[in-house]
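In the part that follows, the structures are each spelled out as structure tokens.
What follows is subunit A paired twice: with subunit B in the first complex and subunit C in the second.
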Partner chain A sequence: MILWFKKFFLRNGIVLSLYMLLMTFTWIVVMFVLPQVFMFDFSFRFNWTQIDPSKIGGPEDVYTLQHYKFLLFGSPNNPDPFNVVDVTVFGRTILAAVFVTLFDVILCYPVAYYLAQVAKGGITRLMMLSLIIPFWINELLRAFAFRILFGEEGTINNVLLYLGILDQPIDYVRENIALYAGLGYAYILLMIFPIYNAVESLDRNQIEAARDLGSPWWRIHWRVVIPFAKPGITSGCTMVFMLSAGALALPQIIGGPSSLWFTQIIYQWFNTGSNWPRGSAYAMSLLVICVIFVLLIMKVFKVKFGEIGR
Partner chain B sequence: MNSASILKFFISFYIVLFFAYLFGPLIVMSITAFNSAGFPRLSPWDCFSTEWFGVLVNDARMMAGFKNSLIIGISVVLVSVPIGLAGALLLAQLSNRVRQVYYTLTISTILVPGVVLGISTLIFWDRMGMMFDVDYESFFYDGIFLTIIGQSTFISAYTMLVFMSRLQRFDPVLEEAALDLGATNVQTFRKILLPFLKPAIGSAAVLAFLASFENYNTTVFTIVSESTLTTVLASKVRYGINPSISALAVIIITLTLCGAFVHEILKRREQAKELALKKEEKTVSVKSASRGLLSNPVPMMVLLIFVAGLTTAWMARGYDVQQCKIEVSEEKRKHQAELSKIRRVEMEKKLEAQKTDTASPSTVTTKKAAPGTNQYGNIFAPTNLEGQVESEETNPVTKKNTENQYQNIFAPTNLEGQIKSENE
Partner chain C sequence: MSADVTLENIWIRFDDFTAVKNADITIKGGEFFSFLGPSGCGKTTLLRAISGFQELSEGKVYIGGKDMAGIGPNKRPTALIFQNLALFPLMTVWENITFSLEVKGVGKAKRLKRADELLELVALPGQADKMVNELSGGQRQRVAVARALAAEPEVLLLDEPLSALDLKLRQHLRTELREIQKRAGITFIYITHDQGEALTMSDRIAVMREGTIEQVGNGNMIYDHPETAFVASFVGENNAFHGTVSKISAGKTIVKTDAGELEATLTEGSRLSTGDKAIVFARPESMSFVNRKNSVKNVFKAKVVYQEFEGHFWHLILSGPNDKKLKMSVINSGSSHDYDEGTELQVNVNSKLAVALPSGPLAAE
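Moving on, here comes the complex of A and B:
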């Protein structure tokens, strides 16, 4: 360790070494790890700021599991065996995020393959650029666009009514179709690029060989392209899953009135609920469950964490 | 037609559909900005108008949020670009095992939900403030400071990825040569590495700014009592929407297109330069310059949009929004009148039919009415058309008979009265 530092300082000089080390230390430790640790700690504390601020740091400021208990079982006089509202919302959020992820894989794989293996020079460039442009538009504005499209008197309903396909408007927001379409839309880029990067490095000769040996197109994909692109697909899935499970703006704006997103409950504890420790306990639970879920999936598909994001 | 070409057709069709999904919402939203209707919609189309841009500019809250967003965006660039650069440089020098852990940590900043990042930043600085016992005026509780820190946490990872991909193409021999020739480390860094990284610094800065500008999940927690453009937008979109938000979208989309255009040109120029340097052929740069606009689809696209904008502006020269609005409302009224006219005619027809029906005992109403006296027929009497209440009061039989009154509710005369009042 010391030897490494010596070598490092010798190679880069004092100024650059200090610059690199200080910057990354500030970033990783002060800005990222420590806040997570503090949040973890905070989630085990009583909500003294609201009850009695003078007790902070006093003898009664001890650790408690009450917020995690609340998430699982609700308030003490809750007649149900567990906290029905929060637990179902949690489960539904995870399920919906999985659904959005699958939707994005199916939607993006053909496009990524086309970009990487079929399209040529100029067209690839143009398509890449047109993929990135919607990603640069504000997330809220995209949500707004979906609200215009999917409103009860929105464009899609009007077109379908005009064409005579529907005889009465569908409430897409209530049916959550708007939300899923919006979430899927928001993370297309994060799915396409990893898959594209993986498929692009595939040697075309392998595909040719499979074709020459008489394999139909779907088997070429199933046996050659997809196994090769697995790290890319998994890393895309990880990002889309994590981001859609943690999405807040889209569920707030185009989510149905009957279906909360778990992040919305966290938001409520922080804003209207004024119970920060409980909010952080909820946030912590979301983080931990999501990470466990992702690690499990990676284990199943035998992909390493280090391969993500490349 | 063989199966291969069918497949090809399907693929092209799919690609077209995909891009329709990608751009459809944005296009529809942009168009709604020019509809004078109070609700953002494509149809029914009222008038072409640019009034919503005026509404947007006069929105004080939005403008204040915009100013904060700008400040935060620029600060995030200033924080996250140096951090990302340091992170990428350090990564290249780590041993394999440490690098895995380090890389995992940096990527986690992107993967951790933005909500969690925002909350943890908020709590961390709150606790720190308590620890150092600072008052609420200090920067520990300042929304803008917290937002800059919170956003930089994951945006630094973005910039690091940008620098990493550029550094992969860096030839370390250059650095060694400079060091051998007696340059200090700092000199080498400034004269060799930084110029090489210049394009990456540019793209990292743009990326960081955009990511900061559009962020909501982290910002909504760290901003505390201040507001940014996105938080203002969110509260606006949640409680009642109007097309001024579409107008904002139009502005942002236009800026994005321009940005993409400039980026593309710069990239091309740089590539041409590199190519020319590599092959040392003057013809290459001349060729790419002469091919110019037509070979590049992006400027063509922007040009087309520009031309379209100009033509609409030209067409709109002799166009008066107020006039159009009046016309539209006039048209609506006419339409309404026509509709009610049709309805009235239909009603009258029904009335006629029912009148004749009262004579015959075949219909349900008359069957019900049959046991009583012929006063039941009064329901449909022409006097009722004029004023129901009056006729009820003047007709003692109807007053007595409750059943009859209920039947009155469903009588066509009621509707008739309604239409009349609508017409007035």
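Moving on, here comes the complex of A and C:
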């Protein structure tokens, strides 16, 4: 280790070496690890209403598991065996995030494949631009625009009614269809680009070889392209899953009134509930469960952790 | 089973250039046929047209008498071995080999058995469970052949499959490919820019230049009786003497060149006539030294620039008339030849072996 540092300094010079180390340190420790450690610590603390401010930092300011307990079992006078609302919302959020991820894979794999292996020069650039430019529009504007699109009197209903496909309008917002569409749309690029990167490095001859050996198109994908693109697919899936599960603005704006997103509960604890320790405990729980879930899925699909960094 | 492949007036055009110009030949069933030409001559495009990956602009491909128009590469009775082999890196050797059977829905036990048989055929037994990246270049080569044969094609197409290997292995695999072809008894169509490969393996060779097939024939014909200046200069070593035809007689001609009047044979159906620009091609081994001056025909003076001993041959670089660089090979007869640099000698060109052809583009050195 010391030798490594010595070499590093000798190779890059003192100024550049210090700069790089400082930046890496800031990026990882200051911006990432420290805030999470604070949050983690926070999640085991009493809320300010529960403890006399003068006693903070004193012997009575001990660690407590009450916030995690609350997530699982609710308040002490909760008649149910567990915290039905929060746990259900938690489960539903994970499930919905899985659904959004699957939706995005199915939607994005063909596009990524087309971009990487089929499209040529001008078409590729045009498609890339038409994928990227819509993301110049800010998230809130996009969310409210989706409300118009998916509203009861919205464009989609109007068109379907006009065409006679529907007899009466569907409330896409209430049915959460607007939310899933919105989330799916929001993370398209995060799914397309990793898959595109992976598929692009596949030797075209492999596809042709499979075809030459008599393979129909679906088997070429199943046996040759998808196994090769697996790290890219996994990397896209983890990002979309994590971000969907952690989304706040979209569920807030285009989520149905009946379906709360777990992040909204977290937000409520931090904001209106002004209970930061409880919010932290909820957020930490979401993070840990999501990470475990992702690792499990990776294990099932036999993807090594290092591969998603490719 | 092996099938004839007929190419009928095939043209393949891309936006800005024509890759294949009027290819029109029949490759017989069971034949080892090579397309030989420098890179960019259209040979790979033609191969892709036979396999179905390349659309034709004009003309037809028939395999076993059947028109292949509208039939995709996965439905043709051909198997292609790619230049980079294109083995599937995430499959084991046996999965690679039996991919075509997997496509047909053959059960695993049967596929494993077939893989073993094919590995035996390509002299690679016991490697079924390895991954492709655990094999050496030559072994991968054999797996690619086995994978193609597993599809039981009537025609096997090979796109310079040996080009990535080192010389020794390449020479070894030449013989082996030839043997596999005989055992499998199917038509092989082989693409190469290496004339040694084409000459040693093929029953017949088509030499291509800029999209055109210049000559078709067996190796011997192509080497001894080239029909165009390009073929003469591309296949094997050749010395080219540019000049003008001064006399034509039955099967023979005299061409006036820098090296004096050279007598040479005419190819059958030659269209040369007196006054035409022509090139006399003389192979290094068709030239010899003469001591006395009594033979004046086809003799000129040259100086030894460099000599190289290669066991059975002495290879000499000579400086001929007008400082023209010439190559000459002399059989090592055992007597101590030593052509010191700077020695001036009389060189004779054998008029029976020298060929006079109409002036035309030569192969790049």
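Just so it is clear, the second predicted complex is superposed on the first by the 305 of 310 C-alpha atoms of A that agree within 3 Å, B and C clash if a C-alpha of one lies under 4 Å from a C-alpha of the other, contacts with A are read in each partner's own complex, and residues count from 1 in each chain.
Here is the rule we go by: a residue touches a chain if its C-beta (ideal position, glycine included) is under 8 Å from a C-beta of that chain, and two chains touch if they have at least 3 such contacts.
Everything numeric here is computed off the predicted structure, so don't read it as measured data.
With the C-alpha superposition on subunit A as described, subunit C and subunit B fit side by side in the combined arrangement.
Looking at the superposition, the partner that touches the larger set of subunit A residues, subunit B or subunit C, turns out to be B. By the touch criterion stated above, A:Pro227 is placed in contact with subunit C alone, subunit B being left untouched.
Contacts of A:Gly13 after superposition: subunit B is touched, whereas subunit C is not reached. Contact with subunit C, but none with subunit B, is seen for A:Gly214 once the two complexes are overlaid on the shared chain. In the superposition on chain A, no contact is made by A:His67 with either subunit B or subunit C. Angle at subunit A (Cα centre) between the Cα centres of subunit B and subunit C in the superposed arrangement: 100°, in steps of 10. Within the superposed three-chain model, A:Arg278 lies out of touch with both subunit B and subunit C [touch as defined at top]. After overlaying the two complexes on the shared chain, residue contacts for A:Arg45 are found with neither subunit B nor subunit C. After superposing the two complexes on their shared chain, the closest approach between C-alpha atoms of subunit B and subunit C is 8 Å. On the side of subunit C, the complex with subunit A involves touching residues 51-53, 72-75, 78-80, 82-84, 86-91, 99-100, 102-104, 147-148, 151. For subunit A in complex with subunit B, the touching residues are 4, 8, 11-13, 15-16, 19-24, 26-28, 31-36, 38-39, 42, 56-57, 107, 110-111, 114, 118, 122, 125-127, 129-134, 136-149, 151, 153-155, 158, 162, 185, 188, 217, 238-239, 242-243, 245-249, 252-253, 263, 266-267, 270, 276, 279-280, 283-284, 286-287, 290, 294, 305-306, 308-309. The touching residues of subunit B, counted against subunit A in their complex, run 7, 11, 14-15, 18-19, 21-26, 28-29, 32, 39-43, 82-83, 85-87, 89-90, 93, 95, 100, 102-117, 119-121, 123-124, 127, 130, 149, 152-153, 156, 161, 184-186, 189, 210, 213-217, 220-221, 229-230, 233-234, 237-238, 241, 245-246, 248-249, 252-253, 256-257, 259-260, 264, 295-298. Taken in their complex, subunit A has these residues touching subunit C: 203, 205-206, 208-216, 219, 223-224, 227-228.
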